[in-house]
Amino acid sequence: MSGELYEVISAVGETIIGNRQMLTDLDAAIGDGDHGINMARGFEAVKAKLQTLETESDIGKVLKTVGMTLISSVGGAAGPLYGTAFLRAAVPSQGKTELDVETIGLMLEAAIAGIKERGKATTGEKTMLDALVPAHEAFQDGAKTGKSVIECLELACEAAQQGVEFTKTIIATKGRASYLGERSRGHQDPGATSSYIMLKALLEHLRRQ
Amino acid sequence: MSGELYEVISAVGETIIGNRQMLTDLDAAIGDGDHGINMARGFEAVKAKLQTLETESDIGKVLKTVGMTLISSVGGAAGPLYGTAFLRAAVPSQGKTELDVETIGLMLEAAIAGIKERGKATTGEKTMLDALVPAHEAFQDGAKTGKSVIECLELACEAAQQGVEFTKTIIATKGRASYLGERSRGHQDPGATSSYIMLKALLEHLRRQ
Amino acid sequence: MKKVINVPEQVVEEMLQGMVLAHSQYVKRVDGFEVLVRANKPGAGKVALVSGGGSGHEPSHAGFVGRGMLDGAVAGAVFTSPTPDQVYEAVKAVDNGKGVLLIIKNYSGDVMNFEMAIEMANADGITVDKVIVNDDVAVENSTWTIGRRGIAGTVLVHKIAGAKAEAGAELEEVKRIADKVIHNVRSMGMALDSCTVPAAGKPSFILEENEIEIGMGIHGEPGTHREVLRTADEITDHLVDKILADMPLAAGQEVAVLINGLGATPLMELYIVNRKVAALLKEKGLHIAKTYVGNYMTSLEMAGFSISILKLDSELKELLLAPADTPALVQF
Amino acid sequence: MKKVINVPEQVVEEMLQGMVLAHSQYVKRVDGFEVLVRANKPGAGKVALVSGGGSGHEPSHAGFVGRGMLDGAVAGAVFTSPTPDQVYEAVKAVDNGKGVLLIIKNYSGDVMNFEMAIEMANADGITVDKVIVNDDVAVENSTWTIGRRGIAGTVLVHKIAGAKAEAGAELEEVKRIADKVIHNVRSMGMALDSCTVPAAGKPSFILEENEIEIGMGIHGEPGTHREVLRTADEITDHLVDKILADMPLAAGQEVAVLINGLGATPLMELYIVNRKVAALLKEKGLHIAKTYVGNYMTSLEMAGFSISILKLDSELKELLLAPADTPALVQF
């Protein structure tokens, strides 16, 4: 796998693993307290798997492996959702070796479509979509005005962060947290948070390049 | 039942019921934490039963009823032991209506013999016998020198109290506390304590007459 | 966290090994997967039943693998739905040509992972169908939920659908019966105390001394509300009320009752609850044809219980009373 | 104290009512007494078995009343031996002319109360004999004890002596078999956490976070010592060591294993323990003919477990594997 690609995935993975406790605590407040544990288990598995792809430079192939690995290691709601997201993002990035603005835009779009389909959800239901959908929109706005990858991702991250904030104001209607109804108000959604920190990790990694 | 006899038994019973927690705590430290609960349940049953014996003045008959009631309500080790003790004490007091020195001496003797037989125990094993046996000896010493019931009981109580103190210095070899072995040292025996407070209650009741 | 475990990462693996060692006459491992199937695979001609979910609900689900109940069970991480590949392996291992029915508890994660497994199995040409159990009346079926949770009533689905499959019914029939149970079973629970997921290391929630949670899920997820501890009779009254408000039953109706311990509740307390449940149902003129009391669908060492009531007809009753021979439920 | 009860004074009474309501096909009440006997009294020609003790050990003892195990069970107050009159009623209720065997756990209170009951029954001309179970190796059989405690191994005595009685053996034979089990079974337990006797209202003892008690009795009485929490494998190692030091077994020997939960221990943890027990016994060349894992002899909501190992010969093995049909153990 090309060095850079490997490092991008690693950076995202390490961020999730590093935020295991925080994500778990968020889930404990309104869900069943396992989101960080699940995601960290998944990215530990990804880490192990990535070793076998050292020479691979096709982004699509790598993302497909990540998706498959997440599906078979995360479980819960996040596993199928993020797994599907990566699998779908692998389609427009198939054959690509560079994370350019257009590719990332298409990847986000495909990932979101996959999540919506798999989870039968839409925005406003206090899920990861509340971070990802606005992030994608902001990214596309940036792309339309010719901004760089980093600039577009900055816009996306900002929007994702606002999306996470927004999840505090609404009640959950999807996933285990939804059983809490009104009591979920005031708490931020763990899945939206993990989505945000993954985007943020990507941005920060690219900034460091 | 003659008023006095009724009141003696009631006084003893109330003392046990009043010390439910203390006896339980002592048992919790070295046994299974139920001695006070068991004894209180027994004397609650005795209280209810005594109503049916209002006109009975035969000490033996009353003690037999107390013994039978304790046997069928206390359970554990204390039930058969105290039950047997009262049943046996009922023999020399059969037909008696007065708690004189001689009768009390014989009652104590019979009670102790019953406990030893039922429990296959002797003094020095950290049981109620360590209060009752010295109490009986002191009582007899007083009786031999012509002391009054109250004086004899004073001697008996003092000896019983010393017996309770003595149980702190030895390890248990009978009952559930015995499983504790060395760790029972330093703790006073709950059964010795209940024996002592019953004698004390008898003394104090008679003093008040 | 005080637990008799080695390392949190290994609890599911070591538990499965311990189960197989204890119950080798009933279950065996599908090598390399968190899947237990019957030690003796039934011959062709039997629809296979697979259930599963997060671990921590023992004896559910592997404890019900055996004659008259499940053919296979999939164990996810603690309180986390198993992944699709695991479910897929279970399906492949139990299928013998008459199709496989998946019994899923209604949690988004479980539904998604099991559905992905169905897609995988269908691609292999295996006929797989599913039912989704949603017996928990604590969660209102309103616009803001994705439906009710599946809790202890699931065990009754295993029992009854399992008996139907054992009797040689076709997949469609077995599914019909499973759905009939789901349609007629209601449950609700309460918790005195939380539990601790090994990997989390601390309690999923904290209740004050004297505080209880009503309508708890089986994953430590919060219930409908908290209140001050009341008597067993009052709590039972409330739960039965909620269940019967959701599923009104006419006098003379036959029912089955499951008083399910969540893990740390002494049988003594479950029997005290059962006494009140029986009294309440009798008052309403209902007849209890069968009662189960014990730990069937637990939440690790959570203290608390749930009550399930199943409305019976002659078909359901006969299947409920049919024999079962599994590690956790033997009935003849 | 957080418990699903009404009032502490009524827990035993209400529990018994709840048990009878749940298991009316198995047990019925002896009116006015804390005694449950089989719903269908076996015909003459069968020696009757009675066990009992303090309550709080559920499913022991009434949970084992049924075909192939006990004929009657007597429930004392929580953790307190029942009184002689109660045991006497049980004996009268179950006797059908072939004599009655009392299975007593070795606690002074139990022994005294049951012995008084024997005196009462003998006076009536009923033949009654007794065995005293003392399987707990935690307590050394030294000069300063009155022998070992009886704990979970008692259930194996119920099972095996029950099978012998069901087979029509005479009282003497049933007693011989019961004593043979007692002679060949050893147990030892540990606790992670205490329990609370309802009438006491507070925990029987307090363990620090991270502290465990080794060699606990089943009444909350302290064990042999306290130590820092170790891994499941280490704890299991220690307990098995103690058991086998007391009862050395030669390679090739067949045994039965009972991993008994004390009330609040998740099955998951019991299976993790079983995995290690099986490994240790295998290492020593022992063959496990039968394993039980679950809550058989509990201590209310105590967290912890005990391990029992029973040395088998062909006679014991056959009786252990014989059918049983009781509320808490069904085996065919």
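Order of writing sets the labels: A, B, C and D. Residues in every chain begin at 1.
Simple rule for what comes next: contacts are C-beta pairs under 8 Å (C-beta built on N, C-alpha and C of every residue); 3 or more make two chains touch, one makes a residue touch a chain.
From a predicted model like this one, the values you see are computed outputs, not experimental measurements.
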Touching both subunit B and subunit D: give me those chains, sorted by label. none
Compared with subunit C, which chain's mean CA position is the farthest off? B
Whole-Å distance, C-alpha centre of subunit A to that of subunit B, is 75
Subunit A-subunit D separation of Cα centroids, rounded to whole Å: 54
Measuring from the mean C-alpha position of subunit A to the mean C-alpha position of subunit C, what distance in angstrom results? 32
In subunit A, the residues touching two or more other chains are none
Residue ranges of subunit C touching at least 2 other chains are none
Let me make sure I understand the interfaces: which chain pairs count as touching? A-C, B-D, C-D
Complex contact set, residues of subunit D against subunit B: 54, 76-86, 107-109, 112-113, 116, 138-139, 143-146, 149, 197, 199-200, 204-205, 217, 219-222
If we count contacts the way the header does, which residues on subunit D are in touch with subunit C in the complex? 2-7, 11, 14-19, 21-23, 55-56, 58-59, 63, 192-193, 209-210, 212, 229, 231-233, 235, 259, 263-275, 278, 288, 291-293, 295, 298, 300-301, 303-305, 325, 330-332
Quick one: in the complex, what on subunit B touches subunit D? 24, 28, 30-34, 37-38, 41, 71-81, 118-119, 171, 173-181, 183
